[in-house]
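In the part that follows, the structures are each spelled out as structure tokens.
You will see two complexes here that share chain A, one where it goes with chain B and one where it goes with chain C.
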Partner chain A sequence: MMNVLKDWIFTTDHKKIGLLYLIGSIAAFALAGIMALLMRTELSAMGPTITNNPNDYNVWLYFHGAAMILGFQIPALTGFLANYLIPLQIGARDVAFPRVNALSVWLFYMGIILALMTFVVPNPPDVMWTGYPPYSVLTPGNTALYTFTVLLLGFASILGGVNFLTTITFMRAPGIGWNQLNVFTWCTYGAFILQLIFVPVLGTAVTMIMLDKYVGTHFFDPSAGGDVLIYQNLFWFYSHPAVYVIFLPFIGIVFDIVATFARNRIFNYKAAIYGGIGGIVLLAGEVWIHHLYVTGMPDWLRVGQMVTTLMISVPVGLLFISLIGTLFKGSISFKTPMLYGLSVIFLMLIGGLTGIPLAIVSLDLHVSDTYFIIGHFHYVMAVAGTFSIFGGVYYLYPKFTGRMFNETWGKIGFWLSFIGVNTIFFPMMVVGVTTGMPRRYWDYQQFPEAESFHVVMTVGAAIIALGFIVILINWIHGMFKGAPAGDNPWGSRSLEWTTTSPPLAHGNWEAVPTIKEGWGPYEYGTNKA
Partner chain B sequence: MHKFGMTGLSLTSSLIGFMAILMPATGYAKEIADNVKGFDHLWYEVMVDITIIGVIFAAILLYFMIKYRRRGDDDEGSQKPMSTVSAIGWAVIPVFMFLADDLYMAAKGWELYNDYRNVPENSMEIKLEAAMWTWDYTYPNGVKTYNELRVPAGTPIALRMTSRDTLHSHYIPDFRIKEDSMPGRVTYIWFYPQEPGEHVVTCAEYCGLLHSRMAGKIIAMPEAEFTAWYKAEAEKLEQNLASN
Partner chain C sequence: MSDHAAHAHGAPTTPWPLVISIGILFLIPLAFIFKFVNHQPLAAFVCLVIGAPLIIMGIAGWVREAIGGAEFPEMRGLGFSAMGWFILAEALIFLPTFASYWIMRLNAPEWPPAGTIDMPTVMPLIMTVILVSSSFTIHFAEEELDKGNEAGFKKLLMITMGLGLTFLLMSMYEWNHLFHEGFVISTNIYSSVFFTITGLHASHVIVGLGIFIAILLPALNGTINHVVVKTGSLYWHFVDIIWFFVVSQMYFW
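Now for the complex of A and B:
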């Protein structure tokens, strides 16, 4: 037992590190989910429901947002999936810097522990995941916890970025060219470029907050010559690209799932890679003002970034065409991972298209900061992202456990989640635009007509919770009792399925895989339909 | 030939989009814009636009899912590698179509945005100072009210906004308008109450403990009633000043 523990703590194996990320991020997801359930219960009726203290609600909301984004989505995508998959997809024996990789995962755990201290310290942080000053400086809440959580997780991200960019660039097995990479690998490449460029900006911003609050500087204090909006500019200069740090890997894993279960080549691969991913990386840093549409930014800046924001639809549209086109003349099997993959396309359609009115500055003046925007970003990022992660876990499950999950319960868990998320997030958008109820409200007496919507949403949250319990039990049960999976249960052509399940602890393969001329991860079509 | 036709169509439509962008910059309507109507109209158009796009994509997706479902366990897809020409076509044509739609909507959005930002000349300007957790209004004659803004129906109202402590956002859902108020900066909005009535004001930027209770109302009164109230308040104010 001690040996097993020691093995996991001191491991430098990318697969074990990936699984450590998975365990930590699923734990963060569960905790942040409990916060969501508390909030939904509070909102299920007007007036105080389960707490008389709005501060409780604000702390739940802070933890929900910060933990879901920084503790669950980014680590699950760029930690778990990237760590587990990328060396396997490029035929490498490990990442370029295995010990730096181990440092990243433990920084991530330290970050999670700091975040958990929210529930221990006397004045928990209540600054939302955005931490806007002056409130984050004025509040009696413990903003330092927020700063250090962000810094630790950010540091882990930078190390991950250096590691994976190096790995993908230099450690591909002989014979794998750039145009033979899995879409997921490409997407992660794009995501880590963004992390490397933009995380330092976020680190700067949250450090300035801390200096203002505890050291007495005046970066954001107008009475001493500071400016309140500098922070929001810095914060969103990172945090909008952060949306793509989440979006790219999740759409990447969906590409891999869809191609595998349709057993088909990627439709217009190069347009998806260079147009889609490349376009997003190029545009990511030029759209942040749309988060500041209602802060009194100069008009020329608002209108200019309305155009750049709308233009995001171009690379995203290319990815969509590629993704849907991959089904064309395919042979589609609807196993659990594929249900997640296909549902992400639907969820992204709703989430992506409802971003268009938000991008239009004059429409945003009404719907910004209302429930409409919560509905939108939950569809596009929270739900589509989480469905991709869960789909990815199901997809890789036979590889990392060597066993199969229960297909029927997998489908039940999926449908519960799918029904749940639509029950909660679609009414959210409707209530946002029809009543105008703003976000981050503990109570809504001025919007009595919103109450019936909130009842429906709370029911949706309960359905999601039930779905998650089913999923979790299925995962844990399958680990011990599942039927042996075999090396390649899905019939994939991708490299990660050529090794044993689970792969060898060190080196992944007996020998570095030999790549035949003309090989590609999506070269299907030798078995005729 | 077909593909070239599509390219031409896309190019033309994106050009129209560019021209539409330039249009709002030239010439300006004198009558007072009704931003509520403007908003509702553009919102409707955008909803139609995104619904059409969404339905097209979803329909194709569903059709593929049904048509290309797996029949035998060992079956594989049979999509052929793309020729360079069709690969470029499948990239360039959609790019122009998306771009055309984007620029068209951006132009429409900008047009409405100009209405939102151009305060009509005959509007009444009221100062707003937000604070945790109150809206303090100061009228041109010095009258102050808290969390309740009485205005004459039929006059456009402009608010010059700032804040004593943290960020707040003066949001009037009925008039489809909000903007943050901040310490050290002055921002503005305007709205046009055409009929007497009450409208909710609520805070849309997180400001701590009582953010959700930072609500007030705008009471649009018939002009004569407002004038009477306004004068009476001004007199009260003078008496107070005199007695001090």
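Now for the complex of A and C:
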């Protein structure tokens, strides 16, 4: 028993570290989900429902946002999926710096501990996940907890980024060229470049808030010559690219899932990699001001940012064309991971297409800070991201447990979640446009016509919760009772399926795998495997 | 890794990353929150006393394990380019603080803002000379090592560390001097930026010195990892280059 515990908490193995990330991030997801349920219950009827203290709602909102983005999505994608998959996909026996990898996962857990302190300190943070000054400086809430949570999770991300960029660059098995990498590996490469460039900026911004609040500096204090807009700019300078830090790995895992279950090559591989991923990495840092359209700025700046924001749809479109083309003439089987993969294409389409009008200044000024925005970014980032993470877990499940989950219950869990998210987030967009109800309100006496929508949304939240419970039980049940999976249950050509399930604890393979001439991870219908 | 042989088929394990993480949790977030949020300096001190030894112990154990080189041959020699990526991230910690400074300064109705004193000019020049010469000495140390002259390497490394330490002591003296003149972090926006940026830079000097200690102590016992030396030296050059930005923007603009 002690040996098993020691093997886990002292581990340097990228697979165990990846699973530690998975456990932590699923826990963060569950807690953030409970916060969402509390908020939905509060909003299910006008007037106070389950609390009389509006600040409770702010604390839930803070925890929900921070935990979903920083505690769940980024660690699940760049922590769990990247850690588990990348060394296996590039034929490496571990990451470049196994101990740094372990440091990174434990810093993530320390960040989770700080985030959990929200529930025990007397004045919990109530600054959303954005922490805008002057409120975050003036509030009695514990903004330092927010800052340090961001700093620890950010430092973990930076270490992860350094580690994986080095790993992918230098540790590919002999014979794997840049054009033979899995799309997921490529996408994560792009995401880690973005992490390295933008996370430090967020770290600096939240540190400046903390210094302002507790040490007496004046960065965001207009009465002393400071400027609150500096914070908003620094924050979104990170946080818009953070959307792509989430988007790139999740579209990457969807590529791998779709190619595997369609038994097909990636359509337009090079256009997707160099045009799609490369384009997103290049444009990611030039669009953040579209979050600030309503804060007041010269028109030339707004129009310029509108153009760059619209330009982002070009590389995203390239990735979409590749995904659709990969399905074309494929031999598609609708297993549970594939349902998630296909649903992400659908959800991204809704989220992406509602994003285009938001880029246009004349429209955005009217719907900014309404429920329309919440519906939009939940579709594009929260739901599509979460569905691809769950699809990725199902996809890798046979590999990391060595067993199969129950396919029927997998599908039931999927459909419950899929119906749930559409029941909650589509009405949000409708209510935003028709009533103009602003986001972040804990009560809506001024918008009585929104009440029926809110009832529907709360029902949707309950359906998602039910779906998640089904999924979780299915995962846990399969770990102990599932049928043995075999090395390659999905019949994939990708390198991670050539090792045993689960892979060798030490080194993944007995020796670095030998790659045949002309091999590729998506060479279906040929004999090159 | 240390117990590689003992676990021929299990993955290697190491306690030090976990120890360091717990140390960081106590040393920085918890100590800060107790001191500045809860106003309990004693509890903050207890956190420091728990956190600092854990970090030092963790780093010492880590270095002892790792200085001999990586486990698989394909992992060896990657530290230098990884440091390049890390420096990219580090540079982007400094960039937003400078950007905030430029925005506030260029938008200010008058500069310097009320409360600013005459900044010293001789001291920062001396500090610049010291830091730049330390960059040269570490470079010469690397050259000695390449020639195989380990004694010369150790001597030049120690000279570099002495210069770095002198720089830090002069920074402390400088801050102390400014405090006595009534120029503290909360005086105005200039002082806010000044102490934040010089403090940030000084913390990087401390990390650089930490790296050098982690190179020197094993070297005195006869273990020198050339990749680690090159990596640490690269970091030191970065800290030196950043100082040019700090000194030119903070003192001479």
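FYI, the second predicted complex is superposed on the first by the 525 of 529 C-alpha atoms of A that agree within 3 Å, B and C clash if a C-alpha of one lies under 4 Å from a C-alpha of the other, contacts with A are read in each partner's own complex, and residues count from 1 in each chain.
The criterion applied here is as follows: a contact is a pair of C-beta atoms (placed from the backbone, for glycine too) under 8 Å apart; a residue touches a chain by one contact, two chains touch by 3 or more.
Keep in mind that what you see is a predicted model, and the values were worked out from it rather than measured.
**Student:** Taking the superposition on A as described, I'd like to know which of chain B and chain C A:Asn264 touches: first, second, both or neither.
**Tutor:** first
**Student:** Contacts for A:Asp56 in the overlay, against chain B (first) and chain C (second): which applies, first, second, both or neither?
**Tutor:** neither
**Student:** Figure out whether A:Asp227 sits in contact with chain B (first) or chain C (second), or with both, or with neither.
**Tutor:** In the superposition, A:Asp227 touches chain B and chain C alike.
**Student:** With both complexes overlaid on chain A, does A:Asp13 touch chain B (first), chain C (second), both or neither?
**Tutor:** In the superposed model, A:Asp13 contacts chain C only, not chain B.
**Student:** Based on the superposed arrangement, let me know which partner A:Glu451 touches: chain B (first), chain C (second), both, or neither?
**Tutor:** A:Glu451 contacts neither chain B nor chain C.
**Student:** Can A:Glu286 be said to touch chain B (first), chain C (second), both, or neither?
**Tutor:** After superposing on A, A:Glu286 lies clear of both chain B and chain C.
**Student:** Answer with first, second, both or neither: which of chain B and chain C does A:Leu318 touch in the superposed model?
**Tutor:** Once the two structures are laid over each other on A, A:Leu318 reaches chain B alone.
**Student:** Which one hits more chain A residues, chain B or chain C?
**Tutor:** The partner with more contacted residues on chain A is B.
**Student:** Starting from the residues of chain A touching chain B, keep only those that also touch chain C in the other complex, and list them.
**Tutor:** Dual-contact residues (chain A): 226-227.
**Student:** For chain C, which residues are in contact with chain A within the complex?
**Tutor:** Within the complex, chain C touches chain A at residues 1, 7, 9-18, 20-22, 24-25, 28-29, 32-33, 36-37, 62, 65-66, 71-72, 74-75, 78-79, 81-82, 85-86, 88-90, 92-93, 95-97, 99-100, 103-104, 107-108, 113, 185-186, 188-189, 192-193, 195-196.
**Student:** If you look only at chain B, which of its residues touch chain A in the complex?
**Tutor:** Chain B reaches chain A through residues 38-39, 42-43, 46-47, 49-50, 53-54, 57-58, 60-61, 64-65, 68-72, 74-82, 87, 90-91, 94-95, 98-99, 101-103, 105-106, 108-110, 112-113, 115-117, 165-167, 169, 171, 173-174, 176-180, 182-185, 187, 200, 202-213, 215.
**Student:** Hey, which residues of chain A end up touching chain C in the complex?
**Tutor:** 6-7, 9-13, 16, 92-94, 96-100, 102-103, 105-107, 109-110, 113-114, 142, 144-145, 148, 151-152, 158, 161-163, 165-166, 169-171, 196-201, 203-205, 208, 210-211, 214-219, 224-227, 230, 234, 237, 504-507, 512
**Student:** Which of the residues in chain A end up touching chain B in this complex?
**Tutor:** Touching chain B: residues 54-55, 58, 126, 128, 132-135, 138-139, 222-223, 226-229, 262-265, 267-268, 270-271, 275, 294-296, 299, 302-303, 306-307, 310-311, 313-314, 317-318, 320-321, 324-334, 342, 345-346, 349-350, 353-354, 356-357, 360-363, 365-366, 368-370, 433, 435-436, 438-447, 491, 524-529 of chain A.
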